[in-house]
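Two complexes come next, and they have one chain in common, chain A, joined by chain B in the first and chain C in the second.
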Partner chain A sequence: MCRTDGNGKSGGSPPDSQPGDEQAMFSALLEDSAEDLYEHAPCGYLSTTLDGRIAKINRTLLDWLGYESSDLVGRRDFSDLLTVGGRLYHETHFGPLLRMQGTISGIALELKTADGDRLPVLVTSIIRTGSDGQPLLIRTTVFDARDRRTYEAELLRARQESDRERERLKRLNATLQKTLLPPTLVDVPGLDVAAYYHVASADEVGGDFYDLFPLASGTWGFFLGDVCGKGAAAAAVTSLARYTLRAAAVYDPDPAAVLANLNTVLNHEYNGQDPRFCTVIFGLLTPDGDEGGFQVTLASGGHPPALLMRSDGHADYLPTPGGQLIGVLPDADIATTSVRLDPGDTLFLHTDGLTEAHSVGADGRYGDEALLEFAQELAPTTARDTVAAIRDLLDTFGTGVDDDTAVLAFNVPRHSSEEQM
Partner chain B sequence: MNHELTVRTRTTPAGPVIELAGVLDHHSAPDVRTVLPHLALSPGQQLVIDLDRLTFCDSTGITVLIAARNHALAAGASVVLTAVPDDVIRTFRLVGLERVFSIQPTSQAAAAAWTRPGPPSE
Partner chain C sequence: MDVRSRNHVRVTGRTGGPIVMLAHGFGCDQNMWRLVVPLLEPDFTVVLFDHVGAGNSDLASWSERRYSTVDGYAEDVLEICHELALGPVTFVGHSVSAMMGVVAATQEPGAFSGLLLLAPSPCFIDDPVSGYRGGFSAADIEELLESLDSNYLGWSRAMAPVITGNPERPELGEELTNSFCRTDPDIARVFARVTFLSDNRESLAHVRVPTLVAQCSRDAIAPPEVGAFVQARIPGSSLITLNATGHCPQLAAPEETAAAIAAFAGAGL
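Showing the complex of A and B:
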């Protein structure tokens, strides 16, 4: 049966030895290793009495901990090897669950080594019972979890790092967004003004903008618009649109001329594969007459029409037909319209983030009709109440608002005698 | 909410056809943008954008349609939108774009309306 290859080697395992030979040697190795397997297993073994006193512990675990068997067996409890937190956990969860279920597995704990270091481990315990079913002792295996803990720490560190980056980006976006909006609206005597900007995502700068500013000769200019797209590229266009509108209004305040100017700038600046456009309403406010009214002249470049809420409770869109998206064509068609605001009247401008919000309306969006009904319910109202109502409305949409929304409202206050009525 | 957009392109004697199905918004607009430079467009051809199965188009979506128009014009070609959904037409009217694009009811109608450019005139 036994064949040697004649190279005189013995005791080793010649490359061409019979399979029977290997098996015999392997089982021999297994047989005399029962004790060895316990002592030098790749995990720690520990047996304790039911009160937790250590009765037996293997070499592997002793080596990990830096103790000798005589330091621990019969002298220390398993819980003595735990950190303070671990001991608490052992008392309140581990022990009771083990007694209740007879077994508990995969519990992450930290053991204290002889020289005070901490060893992260995963612990599994089982209650050994006698033939009469009475519990006799607790057997515990202990797995070294240092690698796993390092991995977890690394994951956590990467997560924290990414959270910090995201936080930084959000702050940067918020700052950038603020520079695109007036810090406070100017005070127009005899006019109640309110505005609100709803940020849909803190991760991306939106492209909505508005402003209100004095022009010469007792006139105020205002605009509200929406640059198509999001992010830094859209913000750059927003910034360009804002200062172009303000500069153009000083040069020639006629609303159609102002928008024609912006159209030329955007059309020149951004053409080709990455065109940039905006929709915008630009208007002029001029006090009109002794009654406290204002004359409003509006020009629209493809922007959703303003809503006019009259003092008598009537509300409707103020059409600016024909106005074209700003920046598309070299010679955009821009429409102008005029309206007089009397005491109690409110003019409301918005961007389409509001009407395109996901809601229960037609085709799942809020829609122009729903907004009109909302305005009809609201009228007569004031600028502040309108903006407050819109904020509440946006709140009810919650995450359904997936685009930024800017709103701007003007109202000529009623005379104080009327208010008291 | 499904934000998916399917972009399919095919070639006809009259020029390329892009079929857009689903939601064209700022999430999906880049999918169309990346297709544009790969379109083979010769002078006199027409680029057809078929919107038959478009369910939503926001302002970024409109920007992409204009980018497609600019791309076609730069190649000496024209652009036609077909089967434009009603609410997109409404948006186009709002932003004054209904005069910027030629619109046909179907891509077949667009192909029929196309006339092969004649030999260069003197």
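Showing the complex of A and C:
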């Protein structure tokens, strides 16, 4: 600190001394110290004219720099004492701000000493004005900042290190996420399919998953689910769920049996600590009839119901009530339903990241009602248009989407003759 | 985002007067002109704006791709001219903005009735091959970038949010931020590169609008020989040397700077 003049006055005297003498000595010391206080202050003092020419400089700063007063006063500018980079910074930032604000403080600069060394300092300046408000000169204090600069460099290094680590983690998460989703969806003849995965946070792997794959001739299996939790533990369960569903569907493709198998596997996996639960819809797609159309059989374990958007513009949820969370109980109740998709119909599956998004809806969430209204507006539609509309919807939520969201949509295309109508 | 909000465009002064567009340089925002504007307002329509990334511009409109060259900024200048549709303007570009004016004027001369290049430098780095002296070495510029980094870390009050790293508590940054010349550190770093690493010497010869080069006495950033170089390269241009010292005459000597602008911009009256 620069100001030391207050300390003596408030300190008081030791009890066994002569108060009068002590005070007189103190006063004498303080009174004749005005000049000394300036010259030998524990910080550098510098006054310049408005254009930066050095007009006065104290002994402390001269000693730090290795100059004599006659080297600098009236001969050099303050910016001449700076490194070239510092001078550029001074001209483009420090100077303009000082002019505009009348004061600027705590600027990190480096001074060049007479023998070429660099002295890291913190600089504070004020413009002294006359009684008419006109600026007269610039007063500057200079603090030795070698220790602070070391600390600052360490802080900057740590920050850069953490930025790099965060980047690395993001890349790792993105890669891991990709391995949990099919790289491309298989082609199902006579069916349009679209899917989308919305990553809520690049810092954590989400637990949503989906897949579409061929089973015995003429049948396709699909699933979409959501593992409780996030991060590496959830990713491990996601991976397990995905491969179990694929294998179970080969063993016995009945949707309820597939989910019962997954339930058993996750239930056995549970070690009493990390949760091993998920909600999931599993389904079978079978082409049905010569007119185009698919028979869909669905089983749900505690998952939000699918949405059906009919070719006539009608839309509603496809309820699968009573299905229980997969992996919690040894024998979970699994709800099944079936529906026929005719040309122009669209089936839409989603995870609750969509309906739980923070929005202006009831209790601050987007909600099932709003999604149904959205679907009613949209119908009749196609798989691709549905997914595009959902992506736009998610965009409008912005940071309100705090959980990952997966969506999967199937649509039986209309016949070309119908499209022309 | 419309152009006016993107660049925080302000139009002030005398409606119908000759139009003067003031472009700030690296390190600050349109506040740089605050002492000059009142002197021009009685006679001129004055157009002020912040470069994207500076002041009250829309930071979300900034992209490294567009704003890592002078050309991106020059496009903004032309877009502002089109948006305001006031007719040809006298463009006053300070420091790096002088070169934005040069680039914009070569692309669309019709948008400008004149260019006033205030403390310009087409290239800060010396080019020993051609004998050009810009005043700095590449190492000097690297040192400036380090200076920016160390000041943005927080000892400068300008960049407190960086060190607190606390976007949930913006008041921490608000309290510590300078009221003028706010800049985002990442953007400032890119702008510093645009400013100090660009070489626009080639563009000068293509300028076809009346041009006045106004340089300062004792400018540590743009020395006299650089001003002379610019004047020699731009066909038909003139050069004046202001009494103002330093690199920012609009702050150091607002009256003299405003008088120079008024004399140049009002010349056709």
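We adopt the following convention: the second predicted complex is superposed on the first by the 294 of 421 C-alpha atoms of A that agree within 3 Å, B and C clash if a C-alpha of one lies under 4 Å from a C-alpha of the other, contacts with A are read in each partner's own complex, and residues count from 1 in each chain.
Following the convention adopted for this analysis, contacts are C-beta pairs under 8 Å (C-beta built on N, C-alpha and C of every residue); 3 or more make two chains touch, one makes a residue touch a chain.
Keep in mind the model is a prediction, meaning the values are calculated, not measured.
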Would you check which partner chain A:Gly106 touches, where first means chain B only, second means chain C only, and both and neither mean what they say? second
Where does A:Gly218 make contact in the superposed view: on chain B (first), on chain C (second), on both, or on neither? neither
Between chain B (first) and chain C (second), which, if any, makes contact with A:Gly229: first, second, both or neither? first
Taking the superposition on A as described, I'd like to know which of chain B and chain C A:Leu50 touches: first, second, both or neither. second
Once chain A of both complexes is superposed, is A:His358 in touch with chain B (first), chain C (second), both, or neither? first
Now for A:His93: first (chain B), second (chain C), both, or neither, which partner does it touch? second
For the complex, which residues does chain C have touching chain A? 25-28, 31-32, 34, 95, 136-137, 140-151, 153-158, 163, 165, 178-181, 196, 218, 220-221, 245-248, 251-252
Chain A residues touching chain C - in the complex, by the definition given at the top: 50-52, 77, 79, 83-89, 91-93, 95-97, 99-101, 104-109, 122, 145, 148-149, 152-153, 155-156, 159
Can you list the residues on chain B that touch chain A in the complex? 1, 26, 29, 33, 36-37, 55-56, 58-60, 62-63, 66-67, 70-71, 74, 87, 94-97, 99-100
Within the complex, chain B is touched by chain A residues 226, 228-230, 271-277, 279, 301-304, 322-325, 328-329, 332-333, 352, 356, 358, 363-365, 403
